[in-house]
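Look for subunit A in each of the two complexes below; its partner is subunit B in the first and subunit C in the second.
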Partner chain A sequence: MVFNSIHYLFFISVVFVLYFLLPAKQRWKLLLAASVYFYCTFDIKFLVLIAFSIFTSFFLAIKSEETADESKKKLFLHLAIWSSALILAVFKYYNFFAESGTELFASMGIAVSPLLIKIGLPIGLSFYTFQIIGYSLDVYYGVSKAERKLGIYSLYILFFPKLIAGPIEQSQNLLPQLHKEQNFDYNRITSGIKLIAWGLFKKVCIADRLSVFVDMVFSSPEQYSGLQSIIACYFLVFMVYTDFSGYTDMAVGAARIFGFNLIRNFNRPFISQNLTEFWKRWHISLYTWCYEYIYNPLSFNYRNWKQWGIILAIFATLTFSGLWHGAALTFIIYGVLHAIGLTAEYFLSPFRAKMKSTLPSLFYKYVSIAITFHFFLFTLIIFKSDTLSEAFYIIESFTKINISQFGLYLFGDYKIEFLLSFVFVFALLGMEYWQSKTDNYLSFHLKLPSFVRWSAYALMILIVVYFGVIKSNEFVYAQF
Partner chain B sequence: MEDITKRLTAIMRNVFENENIVATPELTAKDVEKWTSMTNIIFIGEVEKEFAFKFHFRDVMNLKNVGDLMKVIEKKTAQ
Partner chain C sequence: MIKIFAKILLFALPAIIAVVITADKYDNGFIDFHYSKITGEGKSLIIGTSRASQGLIPEIVMQDTHFDSPMLNYAFTSYNSPYNKEYYRAIEMKLDPSTKNGIFILEIDPLAISENENEKTPSHLLSQQYIFHGDPNYEYLYRNVNPFYTLILRNNEGNPNCLPHKDGRLEIILNDSPAKTTERANEKLIAIKKEISHCKISDEKVEWLKKTIDLLKKHGKVILVRIPAWQPIIDAENKGFPNLNKILNEISTTQEIPYFDCSTFALKYAYIDGNHLNQESSKLFSKELNHLILSH
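So, the complex of A and B:
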């Protein structure tokens, strides 16, 4: 049941009505039941896996908190982490390493035929596993108290708005909210609905429209000219952004309807002036997780190595975050390239500071934004490609610009689609600029007269209905 | 505590390359331009060297400001 489907609209409407009909103390139970149902609509057979991870991490966290013996605490922590991480490793990475190993042995003339897992990937596995590991570490370090109510803890992991593609919620944020009784709050509910609508617009009007061009070029790059490939790569950046941030808006909006604040996962990433800033604005919940649970402990353990310890931590963190997206060489290289970029930034900071003080400030700002954006675009080409050679083929084709083929886009079968894509991307950037001018990105529009606001809502609905690509297309990040 | 403040100020000025920094309890990483996740770890190493003790990861992960750090240093050096 994807967010951009009629089934989901019906589901969330029913849950919403029942939620506020129930006594406040019982509402979390309905959310838990709804979340289990939501999970089962994807694949009921994996319910036993997520239930196993929930039960083990719940009981082991309590055990870890109750014991004063440090070695036992560590044992419970390792059991909690590995019982979930092993499931992730088997389902997501086993086939990749088994096939890579087979190829390696084959190159040495040794034929092996390992058993491969062919039952698919449990939905949301990477997201909820990271949440469970984060929770176990938080309890171990004393940042959070171990949850004593199994039902509340289950809801913390299973809560349907963020189950399939995050945000990866930290225990300090979501768990305390689940204990509070949520009342009917008109303003909060309407802001949630508007956020869902905005996310839906991003998904069906921008992401799914841009994906037509992106998929055409990436599925058979040899058929397209350099200019077409360049345009497709620019579209790719906005496609991934609107797909994932659109999903996040729908998740945050749905949670708000029921009274919960999920963390903000994106914050205008394309105005970043360097990669460090970019990673604080793009997929914030994954960055925060990797920073707190990988980078910090690693750089701390290797602090005597000074700069080299930091570089080791950067490479381990970013490579891991790349691998998190899936078992493929292209994802690993995506992570390594970002690690190289961040390391270069670290060593070049005196040079950058000198440039900043020498160059006109606006020039420095926009050049920095352009460099950061294009570095990300370059890495995203590798991220999107099935193989490295495909990525290099597309990048190489940039040099073969044939202006006469431009007509294929502007005047061919996709003329309207192409122009609409531009209009919607610029509308998105304009809206985000406007949002940034207020303290609260959820209520930036409330200062407008009600007539203007309601006209804008009606226009938004019309745009989604008339220009949306209504196909219940899956979200890109739901596959991770 | 005065001695800790003085020594911390010297370390911070050296690591964060700013002669105007003064280690006050309310000071946080956000207030210092070059206090990043990367320079922070160099800073932690320098504090350990100056005060001759080793932090546990649990000690540093819950630090909110320089005041919290001062309390940890005071506790560790008193042991």
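So, the complex of A and C:
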């Protein structure tokens, strides 16, 4: 049951009605039941796995908090982390390492026949596993108190708006909210609905539209010219952004309807002037998690190594985050490239400071934005490609362009879709710019007259219904 | 709460009106191979794959019979309508519950009751469909014309290679020169042989075939038929699925329904691509089937 389906629309409508008909104290139970149902619509057999992870982490966190013995505390922590992490490792990475090992042995002349696991990846596994690990660490370090109600803790993990592709919620944010009784707040609910509509627009009008051309080119790059490949690469950036941020908007909007504030996962990443800033604006929940639980501990533990300790922490964090996306060399290299970029930024910071003070501010700003954007674009090409050779083939096409050949004919039957893509992407960027002028996400429009607002809402729905591309595939990040 | 739903409905109204007006105005051209099966109605049905979709003409099959009419050709493709839970549901939803004396032709193509060991069975075309009646069928149009505004761009134009009839039958119009026909037949034979090499009869699909028969028997007479194809293709199927006729004969006996193995008539007919009867042969075979029905 994906977010952009009639089934989900019906589901959330029913849950919404029942939620506010129930007494406030009972509402969390409905959300828990709805979340279990939501998960089962993907694959009921994996419910056992997530239940196991929930039960073990719940009880081990309590045990960890209750004991004063430091070694026992550590034991419970490790059990909590590894009981979930091993499941993730087996389902997500076992086949990759088994096949890689086989290739390595084959290169040494040793024939090995690996036992591969032929079972799908449980939906949301990467996301909820990280949430569980983060929670276990928070309890161990005393950042959060262990949750004593199994039902509330289960809801914290299973909460359906964020279950399949995040945001990865930290315990300090969501758990306390689950204990509060949520009232019927008309403005909050309508704000959530608007956010869902906006996310849906991003997904079906932009992401799925761009993906038609992107998938065509990336699946057979040799059939397309350099210019077509380059345009596909630019489309790729906006496709991934609108797919993931669209999903996040729908998740945050759905949670808001029920009275919960989830972490914002994107904050206009394409205005970043450097990679450090970029990673504070892109997939914020993942990088917050990595920063809190990998970078900080490593940089602290290796602080005696001075700058090399920081570099080690950067490489470990970014490589790990690349690997988090999946068991493929391209994902690892994606992470490593960003680590190299951040390290270069670290060493070049005096030079950049000098440039900033020397050059005209607007020039410096926009050149920085362009460099950061294109660095991300190149790494995304590797991220998207199935193999490195495919990625290099596409990157090589950047050297084979002839701007004079640009024309709508390049897009064949995709011409109108190409023009619509441009219009919608510019509309998106314009809206984000306009919305950045206010503190509240999407609330700037409340200052407009009612007639204008209502017309805009109707127009939005008309655009989504009329121009939306309905694809049966899921959101890009749900596969991680 | 009511205010929220009322407002959503109000804001969605222009979009709903736009969809309805567009569908009403622009659904007269070629939509896809299957739209006429959704908008058409029939008390009697032809069920099966593309061989039946193209090869059986309802009007001719029903001629002089006493069964409830009209007949709708509700056969899709072996890819889109193998005998399974989803096709069963689609048949159940399409069935006119008032039918008491219908006739239901179940065409059996071995690929419709087999499974490919390398591929997961794809979802049926109609697995997400809720509304199976109505012309225009707004839900089908919205689901399958994507993005929806492209319906206007089609401008009610037909398809030079494909003519879907109101009775659900699909007429494919291709270059019928002997050279082209032979070329297509040879390509089809290679493709079918390759497919067969990875397939085996599926117990699950055979069970769903039986369930489909049980469902349809409540509304009239059920007939199993194997439609002829180019002899080399039939030979490949018989070789790849040596138990096929045994299975079908067993079903025929236990379910007490007739089974007409017309694959033995392969040499009597001509085919557009080896797999599907051409126009003239469709008429002839439909007549042949009509005679078999009348004489049984």
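Quick notes on this one:
As a working rule, the second predicted complex is superposed on the first by the 467 of 480 C-alpha atoms of A that agree within 3 Å, B and C clash if a C-alpha of one lies under 4 Å from a C-alpha of the other, contacts with A are read in each partner's own complex, and residues count from 1 in each chain.
Just so it is clear, contacts are C-beta pairs under 8 Å (C-beta built on N, C-alpha and C of every residue); 3 or more make two chains touch, one makes a residue touch a chain.
Predicted model, so just to flag it, every value in this text is computed and none were measured.
On the superposed subunit A, the two partners subunit B and subunit C both fit, without a clash. Considering which of subunit B and subunit C touches more of subunit A, the answer is C.
By the touch criterion defined above, A:F184 lies against subunit C but remains apart from subunit B after alignment on the C-alpha atoms of chain A. Of the two partner chains placed around the shared chain by superposition, subunit C is the only one that A:A458 touches, whereas subunit B remains out of contact. Of the two partner chains placed by superposition, only subunit C is touched by A:F467; subunit B is not.
By the document's definition of touching, of the two partners only subunit C reaches A:I193; subunit B does not. Once chain A of one complex is fitted onto chain A of the other, the partner contacts of A:V17 are limited to subunit C, with no touch recorded for subunit B. Of the two partner chains placed by the overlay, neither subunit B nor subunit C lies in contact with A:F392.
Legend: residue contacts after superposition of the two complexes on their common chain; A:Y433 is shown touching neither subunit B nor subunit C. Between the Cα centres of subunit B and subunit C, as seen from that of subunit A, there is an angle of 170°, stated in steps of 10. Figure legend note: subunit B and subunit C, brought together by superposition on chain A, show a least Cα distance of 42 Å. No residue of subunit A contacts both subunit B in one complex and subunit C in the other. Within the complex, the subunit C residues that touch subunit A are 1, 3-5, 7-8, 10-16, 18-19, 123, 128, 143, 146-149, 153.
Within the complex formed with subunit B, the residues of subunit A that make contact are 141-143, 276, 291-292, 295-297, 299-301, 303-304, 306-307, 309-310, 313, 346. Residues of subunit B touching subunit A in their complex: 36-38, 41-42, 44-45, 48, 55, 57-58, 60-62. Chain contact summary for the complex, subunit A toward subunit C: residues 6, 13, 16-17, 20, 184, 186, 189-190, 193, 209, 416, 454, 457-458, 461-462, 464-472.
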